[in-house]
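A short worksheet on the structure shown next.
So that you can tell them apart, the chains are marked A, B, C, D and E in the order they are listed, and the count of residues begins at 1 in each.
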Amino acid sequence: MKLIQKRSRKTGLPPGTLVHIGEKRPAKVTITVFNYAGTRCDERQDLSFEELAPPTDESVTWVDVGGVHRLDILESFGKQFQLHPLLLEDIANTDQRPKLDDYESRLFLVMKMLSVSDRQEIVVEQVSLVFGPNFVLSFQENGADVFTSVRDRLRGGKGRLRQSGADYLLYTLVDAIVDQYFEVLEALSEKIEALQDLVVSNPKPETLHKIHDLKRQLLFLRRAVWPLREATNNLSRSECPFLQESIKVFFRDVYDHVVQIVDTIETLREMVSASLDIYLSSISYRLNAVMKVLTIITTIFMPLTFIVGVYGMNFEHMPELKWEWGYPLVLGLMVMIVIAMLGFFKGKKWI
Amino acid sequence: MKLIQKRSRKTGLPPGTLVHIGEKRPAKVTITVFNYAGTRCDERQDLSFEELAPPTDESVTWVDVGGVHRLDILESFGKQFQLHPLLLEDIANTDQRPKLDDYESRLFLVMKMLSVSDRQEIVVEQVSLVFGPNFVLSFQENGADVFTSVRDRLRGGKGRLRQSGADYLLYTLVDAIVDQYFEVLEALSEKIEALQDLVVSNPKPETLHKIHDLKRQLLFLRRAVWPLREATNNLSRSECPFLQESIKVFFRDVYDHVVQIVDTIETLREMVSASLDIYLSSISYRLNAVMKVLTIITTIFMPLTFIVGVYGMNFEHMPELKWEWGYPLVLGLMVMIVIAMLGFFKGKKWI
Amino acid sequence: MKLIQKRSRKTGLPPGTLVHIGEKRPAKVTITVFNYAGTRCDERQDLSFEELAPPTDESVTWVDVGGVHRLDILESFGKQFQLHPLLLEDIANTDQRPKLDDYESRLFLVMKMLSVSDRQEIVVEQVSLVFGPNFVLSFQENGADVFTSVRDRLRGGKGRLRQSGADYLLYTLVDAIVDQYFEVLEALSEKIEALQDLVVSNPKPETLHKIHDLKRQLLFLRRAVWPLREATNNLSRSECPFLQESIKVFFRDVYDHVVQIVDTIETLREMVSASLDIYLSSISYRLNAVMKVLTIITTIFMPLTFIVGVYGMNFEHMPELKWEWGYPLVLGLMVMIVIAMLGFFKGKKWI
Amino acid sequence: MKLIQKRSRKTGLPPGTLVHIGEKRPAKVTITVFNYAGTRCDERQDLSFEELAPPTDESVTWVDVGGVHRLDILESFGKQFQLHPLLLEDIANTDQRPKLDDYESRLFLVMKMLSVSDRQEIVVEQVSLVFGPNFVLSFQENGADVFTSVRDRLRGGKGRLRQSGADYLLYTLVDAIVDQYFEVLEALSEKIEALQDLVVSNPKPETLHKIHDLKRQLLFLRRAVWPLREATNNLSRSECPFLQESIKVFFRDVYDHVVQIVDTIETLREMVSASLDIYLSSISYRLNAVMKVLTIITTIFMPLTFIVGVYGMNFEHMPELKWEWGYPLVLGLMVMIVIAMLGFFKGKKWI
Amino acid sequence: MKLIQKRSRKTGLPPGTLVHIGEKRPAKVTITVFNYAGTRCDERQDLSFEELAPPTDESVTWVDVGGVHRLDILESFGKQFQLHPLLLEDIANTDQRPKLDDYESRLFLVMKMLSVSDRQEIVVEQVSLVFGPNFVLSFQENGADVFTSVRDRLRGGKGRLRQSGADYLLYTLVDAIVDQYFEVLEALSEKIEALQDLVVSNPKPETLHKIHDLKRQLLFLRRAVWPLREATNNLSRSECPFLQESIKVFFRDVYDHVVQIVDTIETLREMVSASLDIYLSSISYRLNAVMKVLTIITTIFMPLTFIVGVYGMNFEHMPELKWEWGYPLVLGLMVMIVIAMLGFFKGKKWI
């Protein structure tokens, strides 16, 4: 969850030079090709690049690529599918802001795929989707599972997926990624609810760290989702000729989801800020409580100590010292002082 | 009043799959049908689905459904009234953001119905309104009472409701929901006024919790109302052919109400924030007061204790101890010190 | 200056039902009618409703109504001047947001009339202005004096008022209300300047209350003025056929005034916020000062008290006690300690 | 540098009534007329009002008026140059927001002229510029020096000023005023840099006052400059027929300057806010330091004082008192306690 | 990294007068000219001004000027390349806001070149780019290295640079500058991460200074980058005839980078603000800890000291003093008090 990826290795290179920016993932690049049309659905892996070409008939092709660090592979894709050099550059650079670019005959959508790891941390992966007349290319940093359900539906042939065009496939993929966001939000919101209890019962510096960690994660999330708002909105209004009108209503639905997610992130942010306020107020209040104890103790015992000090003086001429009832009288005086003090504190509502 | 509802059971399902998201309400789904035209008004319950169809004559039909967790029922509605799958999906998902969607021949409006429970908590329920040429479908999570007055007016035949078309019925329902918001605001604003007195007279951690609880409720309210602004504005400018011009002025009036509610929510939010400021200032001020007492006591008694300590020393050669007037002189000295101290504090305006 | 008026009695009633919302003012409703054209100006009161009708000739009629709680009277107006039911509803509801509504042949402007009461509080009253081809209706909650100068000018016939149409009259009334705002701002700004001195010289909880009272009043003011910005702007660009081009430049001037008022309110708000900052800083600083006194006293007297305690011990074998110069030596030691301490505090810039 | 000028004397007067709002400046009103065309430039003062008329030939006339409190003079101008009554009213009212008004054949621009007085305070003066076909009228509150350089250039005939039309003269005047703003910003920014050092080295209440004084001045500045952004932008896009295309590029340059000034003001505001943060943090940190000293002293001496108190008790049966090494043993014990305490504080990094 | 450069020397001069504003750099002005077309690339220095002219054939000319303080040189450029006087003025004034100006036949782009110095400070230099039909002029404050890679590519002839027109050269230069920003961001973000650790482990005033120094640098950065957003956006939509459609897609890519940089700056700003919050909370928490120690010590020893004081009194009639077990009993009482106190603090979770 680093804020900024090392881009410096790119400085000074001509624009359009392919450079992989991001964590070097060890896995081999996997390429899975689905080609389907109505009743039929072929799934193949390990194709030669010659076989990898936009379909020429009515069928729909989905090429799912896991791994973007092999620049030679990206270049081969560029040639076979006529992709703009800047588009390829953006696929290789995993530090992209989500966006929708329109390269005339290709729509290019960059998104962030979020998931919660076993250690309860948010994991981010960049997904690039390229949409052409009857194909969709999807590039993931490594072959994660978010599209599993889509693959299953394609294989099973249930739903309208196989009957529909590449635009519906694009929507299905985008929808799968956005649906995942809700899970991340649920995880975060549970953490925040837990935090709000903790902040009151036990305000410690570790609590403060948890608050700031959540704040940071929400900042991070917002950066990943916020720009998607505009991107999905543009998609639902796109004038791209391969996007049918009847599909745009689905993208508007995705847009609604993204707006709701952005909304929820803002609400969670306000709740985290409120937690910080409560934390600080609790600290203040406790300081007050501590100070009251200190003041009460001091205020009660200081006069008493003074009085016993007086009768500890060694003057020769101190008549009280010789009185038979001197000691009990002084003890009584001190009891009265304590009672008066307690009354005073009671009046001030300190005890 | 949960921020986020469990949506995760939806992840991985094909889009358009009907899944109920929200609290499972135990009640049986109730369906009430009103069919009216001018002088006539039929009210029926427990119809077969074949009878449930858009009216073919000039009459207006209002189908009021209580309960959205029975997906089979929703699907039947979808068939009978030609509703888009995404529209049905949004009805079943009670975690929607308020919005207006235009599915060509159907207007779809999602709203939040708010009410104050007996335990003074805000209760939220989602209401989905579907508006077609001469019918309105309303889906509530359970059959709450907010539409009671509308039903009574239909039955009684008073006002222009029966004489008007389905668009006026839609307005009447929306207006009934929005009017309810004012009651919630009144309840909240009374709580806030009470809080502002409390915060000054007795700033305790519980007060802080009340502040944050109100803040949270207002956050919640804003989420429910804010998007309605755009929705009602769009409604008043809608180009939907079934919405007559003369009715749009009524929706503009609803829009005005929503704007005023949003406005008031913002004002209440600022007042709650101000309460937090006062709370913190009060704590600070009290700390100051406590510290002054501590300092005054310490500053007066420390020198006195020192003096009596001096004459408690056991040196053999301490001439003062033998003086006849030693003791009274020391007492007098101490009284003078106390007077000087009190003067000093007076000068500093501490007492 | 209540934030929210009781609206709940309206819930459940059919829309367009006239309900008075607001303080029930005891006074009888007063109706004053001015009818003028160039040299002539008739002023009448206590007309029958039949006489109250839009003028049919070129003359201009201004009907000034004081009191909106008599719903029967409002309904009569509605009939005589063809006012839309929603318009009447808004007149009766004194909890309106300022706005400009365009009911085809009637412009409807709601404003807040502000004044400073003798007890230096802001008093708010709603004024509704209805503008038709050659008449203006003004509805006030009670007959306050803000239009006195307009009446005098009508009676005296000075200025261009009598020579101009109803649109100029409308402008004159709006201008009179807006001019009043400047007086309220002046009163507030004087209070704020006074506060800023107080906050430094004597930061007490009462000062804090004054700050928050001012904050609240400004919040209130902003709610009353902010929406007027849009309303007057729309007025100056209105395409209403009864508004002459040459008059619109006057409304633009009013718009400029409103913008300036909004601007000033924002500035005053920032100044009040700054006062709160100063208040809190002053409290902090004073705490610091108090703590320094406490620490200095403690640090000086604790070691001294310890030393005298040492020589107050009753050990049989304490050679110092028998020295002839023991006592003066100890006294000298203590003077040196005090001097050293004072030097230390001087070095820390505490004294 | 008052926030609000007394406007109340205007309330109740008919709109368009000329009333001077602002400080009554004692000086006589000065009127200087420049009339030039290419090689020629006449400068005259003390003209009769008949002579003061828009030029009828190709020459350009600049009338510079110092003093706007003589309403009769303003009215004469109004007649001679066909100025709208509202325009005259705005000239007389020196509490205007900067703005550009377009009265068909006259452009009216209100600006604030800022300068730094000898006592390092910001002095504001309102300048009203009226631009007609071949004349410019400038109204200042008193004849300040900001236009001196323009006058010199006119007299000397250097640059393109004399060769150009009235639109270029207008630009020259506006540019002279805006250039002055940079000087004010420089003065303020130097003060702020000085403050930032002070706030760390010596956080005193006076520092706080300086911070708030700067905040107030920046608030003031923003009010004067912010609306100018829109005004100059409108000027550079104006469709006024007397403004040549080639001159508009110069107004765009002025607009760029204004944007930069607004930008800088915002940055300075953030820096002043940061100063306040540092001030508060410094106070907090110092409180911490003071408390540590107090706690260290108390923690060391309290146990010691207790121990010597123990051996100051007068019990008959206290064997230690009779030991020959009792006194040295107790002294040794106390030294060990001090050493232990110092180690404890060292461990807590307090010393 | 000064906020405001001395501009005052410009006040009072006619607009369009060339004045150098900025640090006077000692270096001689260097002028390097590249002229290339396809396979050919000539590089020359020290040309006479007669030779410096826009190319008349199809070749592309890039004139790179290091140093803008020699106004005579700028004027010569102005004549040879037909540059508007305001454009020249803006080149000489290094205190410009980034912007894109369109002087009909010349596009003028002002940018800030940022780099991190050896002492880890951000260094800013203004770069002005003038773009004409087939030439680009670049003006730097001194000949820094950011364009080195561009020069090398021109000399080497690799990539499409030599084959393309002046618009692609313009893009290459802008891209080189923007790429550098990422390096600056990386440096800053590393500092911020380091700070966040420091703020928790050791909150000292120096940490506060570091926070504010970073805040200031980010403020500075934002000022340099923010306006570039609009400038690059305008560039990618420019209707300038020399900018080919196919090149605009590259400028859109630059725009995307700028948006991402602005985004990152905002995120970093929030992180720095969070650091300040943590700093203040840590100080508060430590104060609390210190106060607890003080209170515990005081609360334990004050009663003990009082008790030993009681038995240090010199009354003749104090029976306890004569008891044989008096001393051990008192010691036992005191041990019990200590145990009770520790239990009390344990209950309050203070220890």
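In this section, a residue touches a chain if its C-beta (ideal position, glycine included) is under 8 Å from a C-beta of that chain, and two chains touch if they have at least 3 such contacts.
Since we're looking at a predicted model, the values are computed, not measured.
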{"item": "Given chain A and chain B, the chains that contact each of them", "value": "none"}
{"item": "Count of contact steps on the shortest path from chain B to chain D", "value": "2"}
{"item": "Centre-of-Cα separation between chain D and chain A, whole angstrom", "value": "42"}
{"item": "Chain centre separation in whole Å, for chain E relative to chain D (CA means)", "value": "26"}
{"item": "Interface hub residues of chain C, defined as touching at least two other chains", "value": "280, 284, 287, 291, 294, 298, 302, 305, 309, 312-314, 318"}
{"item": "Chain-level touch network, classified as line, ring, star, complete or other", "value": "ring"}
{"item": "Ring path (origin chain C; first step to chain D)", "value": "C, D, E, A, B"}
{"item": "Complex contacts: residues of chain E adjacent to chain A", "value": "148-149, 153, 158-161, 171-172, 175-176, 179-180, 182-183, 185-186, 189, 200, 249-250, 252-253, 256, 259-260, 263-264, 267-268, 270-271, 274, 277-278, 281-282, 284-285, 287-288, 291-292, 294-295, 298-299, 302-303, 305-306, 309-310, 312-318, 350"}
{"item": "In the complex with chain D, residue positions of chain E that touch it", "value": "3-4, 6-8, 10-16, 84, 86, 90, 95-97, 99, 101, 103, 205, 208-209, 212, 215-216, 219, 223, 227, 276, 279-280, 283-284, 286-287, 290-291, 293-294, 297-298, 301-302, 304-305, 308-309, 311-314, 318, 320-327, 330"}
